[in-house]
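Two complexes, one shared chain (chain A), two partners (chain B, chain C).
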Partner chain A sequence: MATTTLAPTSAPAARAPGFSRPTVTAVLTWTVAGLFAAVLLAVLISVIVTALSTSWGGTWLPSGYTLSWFRHAWDTPGLANSIAVTFEVAIADVAIALLVGVPAGYVVARKKFPGRNAIMLFALLPVILPPLTYAVQLAALMYRLGIGGTLLSVVLVNLVPILPLVILITVPFVEQISPDVEQAAKVFGADNLRLFTRVLVPLLTPGIVAAGVLSLVRVLGSFELTFFVSGATTQTLVVTIFGALSDPGGPPAALTAAMTVFYMAIALLGLVISLRFANPAHTLAQPARRTL
Partner chain B sequence: MAGPARRTSGAAFETLSLRGVTRVYGRNPPALYDFDLELGRGDFVALLGPSGCGKSTALACIAGLQLLTRGSIWRDGERIDTKPAEKRGFGMVFQNYALFPHLSVRRNVEFGLAMRKVARGQRQERALAALRTVQLEEHASKLPSQLSGGQQQRVAIARALAIEPEVVLMDEPLSNLDAALRIELRTEIKRIYQERGLTVLYVTHDQEEALALATRLVVLRKGRIEQIGTPQEVYTNPSSAYVAGFMGYRNLFPASYREPGQGREARVSAFGATVTGTVISDGRLEDGAGVTVAIRPEDLILGTGAGPNAIEAVAEVVEYHGRELSVQARTATDNVLHLKTTEPVAAGSLVTLTARPDRVLVYRSGLNRGELDVEAGAS
Partner chain C sequence: MTEPPAPERIPRQPLRHRLAERGVDYSLLLLVPAVVVIAGLFLYPFLYGISISVQPQSGGGAFANYTNFFTDPYQAGAIVKTLRLALPVALVSVGLAAPLAYRCRRDFRGRKLVTLVVMLPITFGSILIAQGMPRVFSPYGWVNLLFKAVGLPQVNLLYNYWGTFIAAVLTALPLVFLLLMGIFGGIDRSLEHAAATLGAGRAARFWRIILPLAAPGLLTTFMLACVEAFAIFPSAILVGQPDNQTHVLTIPIYQAASQNSDYTQASAIAVVLTVIELLILGLAVLVRGRLFRGPATGGKG
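The block that comes next holds the complex of A and B.
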């Protein structure tokens, strides 16, 4: 190029922070965002209030408050069992998905092999496809294998979307690690196992936590996959609640609301636990305290 | 309980030898071909060449990060090219530092010792001693990302020193640093080498770095050794036009051979005149044979017209470099000459240049056009 172009932008004068008048776009954005959050909160609160009320219909506030729905919900046949199943399935699925998916993601990120792109695309499919599109066939397969209705089958079908999810999340985190760092670890005496435990796992922790939390949320909310394959004793909480809701002569609304509050509590608990074990924001900001 | 990777003291080590080491990637021409090298205890050997000459491949083969296609590597009587990298016990310094970002400076330096299962107290002591050597003791508890590039590379050097390796491998350790820091750390490396009696294999594309540090220089070209010698030998008597170009002989001209002179002297036609030079290439040169003439900018002397090999040229560009002037001059035959002088020269003035016949080197042609332009950093 023969011509030299001057930089087209002259830096705009910095605005005094905090004192500028809000623009129309800002007002609009905040209003919409505020409304969205308000509606969401209101819905959540209404569920909790329903669970706490003796009866609530047509008035602003319920006629009376009680904690008995929670005891009723707990005593409902199958609820305690389905909470236990939910925990078992969630823990098993997240553990398996991380144990298999993180090393698999490492291989996909590091090794250039033929068909790599095809694998990545294939891994994307169960993540983006609505589970309903393959839930029935998957359940049929489980029954054909003779494990339909068992806890094992519930764990297996729920692995289908989250294992690829873990792989997809791991790949960019692995790509961030310089290959030279791995080479340095090897030259200084780390075999493959110690390369993994002393260098890769600590560096991948933010990715592992992200993958774990997202898989956990997905398993807890997974309705379709579990619905078609689970039996009476292997239902997860979400399936039990759906059963209660869709039964016309079923339990009163306050009872199902109380069940739903249990469900919310479990999801929150899962999130808090995963963030407690490893806070992604802190992992790279502090030197590891564990000894080498 | 000394495992194979725990041979840390240099006492047992005498030589590292590479025999016919060859590395081929796919269907490409070999990245390294039939590479022989002996590295004795206390040597500082620099592998020098432009990018793609095979120098980094050689280092990776020794470190165990690349497999050999052919050949073998021996440490004294023990064959090591069949061992994995983690069992070879070398220390290594990388171009981009390659520190462990999640570990503190001290833990980075301790890493090799921890892998060797050295007891905790001794490990800390040795790590701090290594950090003291690179003058970073007070930064021991920081993370690598809190340090500057130069400091990070010092940490990397300390990490290599801490395991007291028989050989330290350095892969362009100064290339990511800016000019002032590069010279400072270069001196630092030399000081540590001398104080600790290290054995170093050093890869670089920068001839100045190689000359300043090495006790022995290996110039590589397209995966093959072009010349091995002391820095003085390689600098004053490059064995080929390629090495000459790499050693700062900026004036490289095609010429044709005329007639032999006294001893190794010969007369060649260049710049439309007859120039007396010294033939370096072995073997007889035919009359009229194509040769390459190499002259260092420092060896072109600004004269008054008298003297050997007098050439007239017009000074085109004059750069002030402090102690000296760097001048680009053009001859009547349109050849561009580079010279350095302490005499005042005005741009546009007519100058006469002379060069001693023993500093005008004549090579059998064999330099491909542009071959020396690709390297970065070599001036």
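The block that comes next holds the complex of A and C.
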């Protein structure tokens, strides 16, 4: 671990001979980074090892290994259902958020109109405020409307943080497209529909993919919002796992860990795809500065 | 939007044109679905929550839910416990992430890998972190086995304040790191180069150029981390001591809503939580206004 994390500090040495000696702060920084990464990976790996273990006492590694927990987990009533629910909710939410959010992001990026700042503020708030500030009220409202516990309510509730995220990610990508391109298309006779489908959507594809995958990752891990509104048959994977973990008489640790490995596989897939297309540091931190 | 009959002798532009001059035209219709969703599912529930919080399920006057909460020292003490958790978590996260983000502000070979590791906890969420922590931090876990091997005393880092603290830092630090990486990366290199040309050493460049430019971003990030840690929930239950040391504000919300099915009481506490969070964010905006607010990017031309 230490060798890989130390590598970047030695990189500038080749370019600038004056900076060759690693400073105390550099060593300290990378040691802390290495420790953090080690703890984080240990936490994640321990779940995988638990899922593979027959029994594990107070030793470094379990006494035996087995794959049977995965079959047990798959046969556990509710797990297959919650995987299905997770996918249904994720796909529905990402689709709705993109359909609604990308056009909205386009208008916000291109136009100055009264109320634009208010819209930006209210798009920012659900992203900034942690879900628990509004999860309970939203759940109460869903039950009041008579759709509490249904799949519809789970989809609606999870839309709240996703849609603003899509808008916020779309804006800088639209700003990168020169308005000249649109005007050229109009000069050549494109109507609004063709402008949108033939010019804007192809140019915006990287932004749409980035927004889609980042919100997919967020829906998959979203716990609080789903937790308060979901019913027995509409739990997503994280909610099922939380239920198993918080119940003292619940399933054995290895069985829960096996469920979690299913979840990790799904989430990791989303993460790897998202890093292929987007740099989260850019999309999260400095949307306004990414102009041409 | 039809043309209004011209009432005066001076010919006026049609309403449509006048509105278009101020930026109002048919393209704004594209905004309608998004506005409906945000208003209906975010703003309205907030107001709905406030309105049901003053209609207590158990009776006893409009503000019974609030007086119940504030007069019970155990419940109201949750505010202090939350602050005692959220502030150190935000401080430690920013303190650990800032030097690292500063070093990662430029592209380097391992950047994708670092980003991947950092994104793991964001993707997996606090539940997975809380699930893996016992094997690492419990009395028989890896950390204590390591401590025993090198002759250090056993540490108790689970099912108490420290369990939730570690879980919160593990989830907050990556987010802070990503935000700060963008903030440090957004500072134009030419400013640093100019300072170097004028004879500023590495330390001087950091303290006199980078830090003042990054200060507003650092402050905002600290406040965001603080707000995020304020509503910590699953790890307070799973690796904390929810009835005592980590009885944070979200626990009474959860108990009222899920265990007592009293959404009016739960909403009242959630309103208290929101007000405190908005105060923190407002403070950030206020202090930010007093810091440097010029461009952090140099001229391109």
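As a convention for this text, the second predicted complex is superposed on the first by the 251 of 292 C-alpha atoms of A that agree within 3 Å, B and C clash if a C-alpha of one lies under 4 Å from a C-alpha of the other, contacts with A are read in each partner's own complex, and residues count from 1 in each chain.
One rule holds in what follows: contacts are C-beta pairs under 8 Å (C-beta built on N, C-alpha and C of every residue); 3 or more make two chains touch, one makes a residue touch a chain.
This is a predicted model, so every value here is computed, not measured.
Would you check which partner chain A:Pro202 touches, where first means chain B only, second means chain C only, and both and neither mean what they say?
Only chain B; A:Pro202 stays clear of chain C.
Answer with first, second, both or neither: which of chain B and chain C does A:Leu245 touch in the superposed model?
second
Applying the document's definition of touch, where does A:Ala37 land relative to chain B and chain C: first, second, both, or neither?
The second partner, chain C, only.
First (chain B), second (chain C), both or neither: which does A:Gly58 touch?
second
Go through the superposed model and pick first if A:Ser46 touches only chain B, second if only chain C, both, or neither.
A:Ser46: touches chain C, not chain B.
Of the partners chain B and chain C, which touch A:Phe113 in the superposed model: first, second, both, neither?
So A:Phe113 only meets chain C here.
Classify the contacts of A:Pro130 with the two partner chains as first (chain B alone), second (chain C alone), both, or neither.
Second partner only, chain C.
More residues of chain A in touch with chain C or with chain B?
Counting residues of chain A touched by each partner, the higher count goes to C.
Chain A residues touched by both chain B and chain C?
284
Over in the complex, which chain A residues touch chain B? Could you list them?
For this pair, the touching residues of chain A are 178, 180-181, 183-191, 194, 198-199, 202-203, 283-284, 287-288, 291-292.
Mind pulling up the chain A residues that touch chain C in the complex?
Interface residues on the chain A side: 4-5, 7-9, 11, 19, 25-26, 28-30, 32-33, 36-37, 39-47, 49-50, 56-60, 99-101, 103-104, 106-108, 110-114, 116, 119, 122-123, 125-126, 128-141, 143-144, 156-157, 159-160, 163-164, 167, 217, 220-224, 228, 238, 241-242, 245-246, 256-257, 260, 263-264, 267-268, 270-272, 274-275, 279-282, 284-286, 289.
Can you list the chain B residues touching chain A in their complex?
5, 63-65, 84-86, 88-92, 94-96, 98-104, 107, 110-112, 114-116, 120, 141, 143, 159, 163, 169
Can you check the complex and tell me which residues of chain C touch chain A?
Against chain A, the touching part of chain C is residues 22-24, 27-28, 30-31, 33-35, 37-39, 41-46, 48-49, 52, 96, 99-100, 103-104, 108-110, 112-113, 115-117, 119-133, 135-136, 139-140, 142, 145, 166, 170, 173, 178-183, 185-186, 202, 224, 227-228, 230-231, 233-234, 237-238, 250, 253, 257-258, 263, 266-267, 270, 273-274, 277, 281, 297.
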